[in-house]
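Pasting the structures in now, so scroll down.
After this come two complexes, each holding subunit A, first together with subunit B and then together with subunit C.
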Partner chain A sequence: MATRELTPAPAGLSVMRPPRQGSASWPLVDRAGYWLCWATGVALCLITVAIVVFMLVKGISYLRPSLFVTSPAPSLQQSKAGGFFDPIVGTLIVTAVGTLIAAPVGVALAAWLSEYGRPSRLARAVESAIEIIAGTPSVVLAIFGLLVFSQSFLGFLSETASDGAVTGQSFLTVGVIMALLALPLIVAAAREGLSQVPDRMREASYALGKTRARTIRRVLLPAIRPSIAEGVVLGMGRIIGDTAIVIILLQLSVTKNEPVGSVPVLNILRGTGSTLTSYVFYNSPAGEGNAHQKAYAAAFVLLMIVLALNFAVIRITGGRDRAESRRRRLLRWLRP
Partner chain B sequence: MERLTPPPARRIVVGRDPNVVAPAPSPNGATTAPPPASARLRTERSPVAHVRERMRIESVWLAYGENWVVRDVSLPVRQGEVLALIGASGSGKTTLLRSLNRLTEVTAGAARAGRITLDGEEIHELEVNALRRRVSMVFQQPNPFPMSIFDNVAYALAESPARGRRRRRSAELEQAVNDALRRAGLYEEVAEDLDRSALKLSGGQQQRLCIARSLAAQPEVLLLDEPCSALDPISTATIEKLIVGLRESVAIVIVTHNLQQAFRVADHVAFMHLGELVEYGPGEQVFDRPAKQRTREYVGGAFG
Partner chain C sequence: MLGALGAATLVLIAAMVVTVFIKAWPSFSANGLRWFGPGGDVDAQLRAMAEGTPLPSHSALYFRAWPLIWGTIITTVPAVLIALAISTLAAIFLTEFAPAPVRRTLEPVIRLLAGVPSVVYGLIGILALAPLINDHLISEARRKSVARVVQLEGADLMLAILILAVMITPIMVALIAGALASVPVSWKEGSAALGVNRWRTIVRVSLRTARPAIVAATVLASARALGEAIMLAMVSGGRGFAANPLDGVTFLFEPVRPLAATIAQEAGGLTIGPLSHTLYAIAAVLLVSAALLSFAGWAAKQPLRRYGIRA
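Entry: the complex of A and B
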């Protein structure tokens, strides 16, 4: 590592630096272990670079602006297969539905667990339940969702065929199951945030004659807003990237979004369609669709979205001070 | 001015420490004891016309779990004067203070025996949040909320103000916030930007903001738990002046480790040791003519 040049020391003084630590004196096992750790780190960097470069090259070469605005069309010829407008919309819908359900529920769960948590047996049970959901493979969640949502009394969430059978497949049902995927991340982030709020903040509020509920709503939740945002963004990343749930709870072969019913907005939510993940899967060399190039382009877009979300998390968690100073500079500029 | 007779204090039986120079035996002959009051400066104070009792602590015992940390303490809390609780660590003074607005109840396993009354009403029979609005507390560490200065004070005031920057600030709310900041002597320093984050204030300013926040709800009693222990001498002096100035409109109880501070601000001083009230009386008396052996040792710096 390059060190900054020191200004010259006053005459007669020699600058002393700590001696460089060599590994020459280490036992062989330690040296081997050290180099192994070093090598794994480097290898991981190489793999990451490979993924990004590969997707960049493959993706960008096939990426056309028109792909974003044209709907997919079933065709054996690549040039007539259309774009991935519908999958992008599908991804947005699924993410929105999933996040809108998971965020309030997750924050409420975290607040209850951290601030009340009584009876403690129930709290332990809730914690275990969240852990189990977090550990459940998404394909299992998806199958479970299909089972539940094809019950006839839940027919309003998806499409009911003429013979009365409920498909259980719609953006709404995907969104609900996706919410389960995001929930543990949001709960964990919010609880982490709450555990970092010092108790004196709570006491200050109680000492002003505020109830516990008001303290949570007006002091604690605003204080942990960055943590909540972090959890939500992580959850969104999970939702956007998940494939199994989409394949099972939206029909795979459908590439165009198909509304169900006539109520605006609700018809799209009750309808089926595709997302970027199912589109990539369907059109990849492994799937039935035959638009490999478009699959690469869509995969690249997906990667970019997830990377952008990751950067958002970094901004939220680490870049707060900078954002604050920018806001203050703006304010000062507004009122001279 | 009605003066209460000092409440009965239980005598602590302790073996004479051989290393402590035995003080003169007569209760009033403080020959070897601390320098006289004139040697130390009391915070300047104007006389208070009307002193009246607001709270009364009667034979109070307090426990956390199995241990009684306060034993049979009786004290009056009067508006118009500052009551300082002094004593070594573990003497129960902070616990006693926290029990006055039932903040001890936040800790699991807290118990109390005896009566604490506010204007004659047992505080246990009052609604706890109503009580805490009447008996407010400022803590050792400045603990402003992570919001703007304005919101910090407005939070204490308003039942449900609209949130966020789009808040419609009613003239009344603004007036009340400014008043509270003025009473805490902070208004001049922060007036130009009340939207600034409270966390950007200095420690002394933060503590005065906490006092402003406590004063905003117009409490009748203000409890201060070592409010200056985290502050520099200049901030401390500002806050002490503030405390003395406030005593006319609110009854003030201050817990302090700092004997000089107790002497500077207090009208009455209560010395506690190991959960018991050893001595209670006017500040000059407790510091210059302590009646009890233990008090003499403590204010003389023999332990603590």
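Entry: the complex of A and C
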């Protein structure tokens, strides 16, 4: 058996690839460990399948086409409480605002950190600052946002009550805080991409007389487009799934999205409303709506969006990865 | 110009830490270090602040957070330990034993498990699992034995720990698998050449080399578990009750109320003076703990650099 283990394996694979029946000669304890590994692997798959199938069954049995086109309405009767048209629109708005802010800022920060990194003290400090955002619980980010955006000089972002108090609650403010949530993912993905661009590409560009800034814009950024796209999609997933920021920076109750002011588009952004996550929370036993069937239906839609984003990432990263870099990707996807 | 953007990010983070602390200060200064200690019913204290009627013979900011801190500890620590065991085995499976087709299924599965929004986990927990626990696992005798202190209703510590463990497992699998995969093949070959079988090689060489990364993964996952608010607000029972491990099995069925979940549950009262100071104080504690854990995770990984391993 030992000789079989040492036969060279195909390139890129570990030499330790198992002969399938390999564990037969091992001591009992070692074999138990081997089977325990298999058992946990299978168990993880089973848990995921159970979650997806459970939500599928609940979702399909409670989902009605009318839920997608009617607005939520305050009513004690479930049949009159409307659907989740506004929450879906809300999710789209929040995701769009958050991504539009986080993507350019994230890519610019990544380019600066990887390509310039000077003054290096500042760069180190910014790196750790991004780490701190990545580790900050979203509920803390949310109440920090509430504190900042209820300052009177930022009143134009949200609604000002008649007594001059600024609510700080609007789709814009949610979007800005959501951007903080997505930022570390986008920065990490873009930096990983930049680190894989070979130096000869930069040198070739310099040799042609391009400045560093133009090299970044014309050579490096196009080269890492898939990495950026991946980071952005990961960030979108994080934004869509977050509840704490929405229930604190939009309202806790779920009604129609309420515009503020009269300027088109801006009035919706300045207004409050709900998203799918806050709709689920509101209609769960933890919230006030307490309409289980609608919570299941909305949660099912949410899960399907997350699944779709998952497939999008698989499409973007494509089959062009070797095993090694695939593992790195798995790691990046799950950066805490 | 890009440097200015970096500086702006830095200023923003500094402002976040500073403003949260300024807003939290009245609560800390009114209670002193006893803020962290036990003392009375924390639910009643929060309710009194929300209603603006201070408890008799206490100041408006009177607050003793111990039941909430204890609730955070007894949900986070067991969940992280369970996740540590599961994810170490799963990571070994993923990097060493899984045949290629199995690995190709397992990786997206783990990603999906990480991507499920916490509100969906919470919904499944409170609507599907809590009634199961309530109907089948909690006996009437057990319910009666603690009825004078607390009601057992299915949304409890056990559920919180289990779901939290499922939620943080994917992160830990990814971090540990990344470290195991970057252990130099020649080290494992050396062990195999000495006639050591694959399992022992994994335990004695790979796991031992990756140990700093495993510690780091554990610490980072604790930071994530610490900050989980929505799922815990839904399934933990939401009762500021310092569950007592000496209660034996009943302990698992007792409701808890972790720190982050409290902020989410009391979010409606963020405009009320004393309550908002208290909630920002909780946020400040979470912020500092999360930052310390991030730093500890970074520090724990440093020994790997010595081996020239990037993980």
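In this section, the second predicted complex is superposed on the first by the 294 of 336 C-alpha atoms of A that agree within 3 Å, B and C clash if a C-alpha of one lies under 4 Å from a C-alpha of the other, contacts with A are read in each partner's own complex, and residues count from 1 in each chain.
Criterion: a residue touches a chain if its C-beta (ideal position, glycine included) is under 8 Å from a C-beta of that chain, and two chains touch if they have at least 3 such contacts.
Small disclaimer: the values here were computed from a predicted structure and weren't measured.
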Subunit C versus subunit B on the shared subunit A, clash or fit after superposition: fit
Touched partner set for A:207, first subunit B, second subunit C, both or neither: first
First, second, both or neither for A:243, with subunit B first and subunit C second: second
Which superposed partner A:23 touches (first subunit B, second subunit C, both, neither): second
Subunit A residues touched - subunit C or subunit B, whichever exceeds: C
Which superposed partner A:65 touches (first subunit B, second subunit C, both, neither): neither
First, second, both or neither for A:198, with subunit B first and subunit C second: first
First, second, both or neither for A:137, with subunit B first and subunit C second: second
Which of subunit B and subunit C A:218 touches, first, second, both or neither: first
Shortest CA-CA distance in Å separating subunit B from subunit C in the superposed model: 20
Overlap of the subunit B and subunit C footprints on subunit A, listed as residue numbers: 324, 331
Subunit A contact footprint on subunit B (complex, rising order): 101, 103, 106, 129-134, 136-137, 139, 141, 143-147, 155-156, 163, 195, 197, 210, 213-214, 217
Residues of subunit C defined as touching subunit A within the complex: 2-3, 5-7, 9-10, 12-16, 19-20, 23, 86, 89-90, 92-98, 102, 105-120, 122-124, 126-128, 166, 169-171, 173-175, 177-178, 181, 185, 188-189, 192-193, 195, 197-201, 203, 220-221, 223-224, 226-230, 233-234, 238, 260, 263-265, 267-268, 270, 279-280, 283, 286-287, 290-291, 293-294, 298
Contact footprint of subunit B on subunit A as seen in their complex: 198, 200-211, 218-219, 222-223, 324, 331
Footprint of subunit C on subunit A - complex, ascending: 2, 5-6, 14-16, 18, 22-23, 25-26, 30-31, 33-34, 36-41, 43-45, 47-48, 51-52, 54-55, 105, 108-109, 111-113, 116, 118-119, 122-123, 125-126, 129-141, 143-144, 146-148, 237, 240-244, 247-248, 252, 277, 280-281, 284-286, 292, 295-296, 299, 302-303, 306-307, 309-310, 313-314, 324, 326-328, 330-331, 333-334, 336
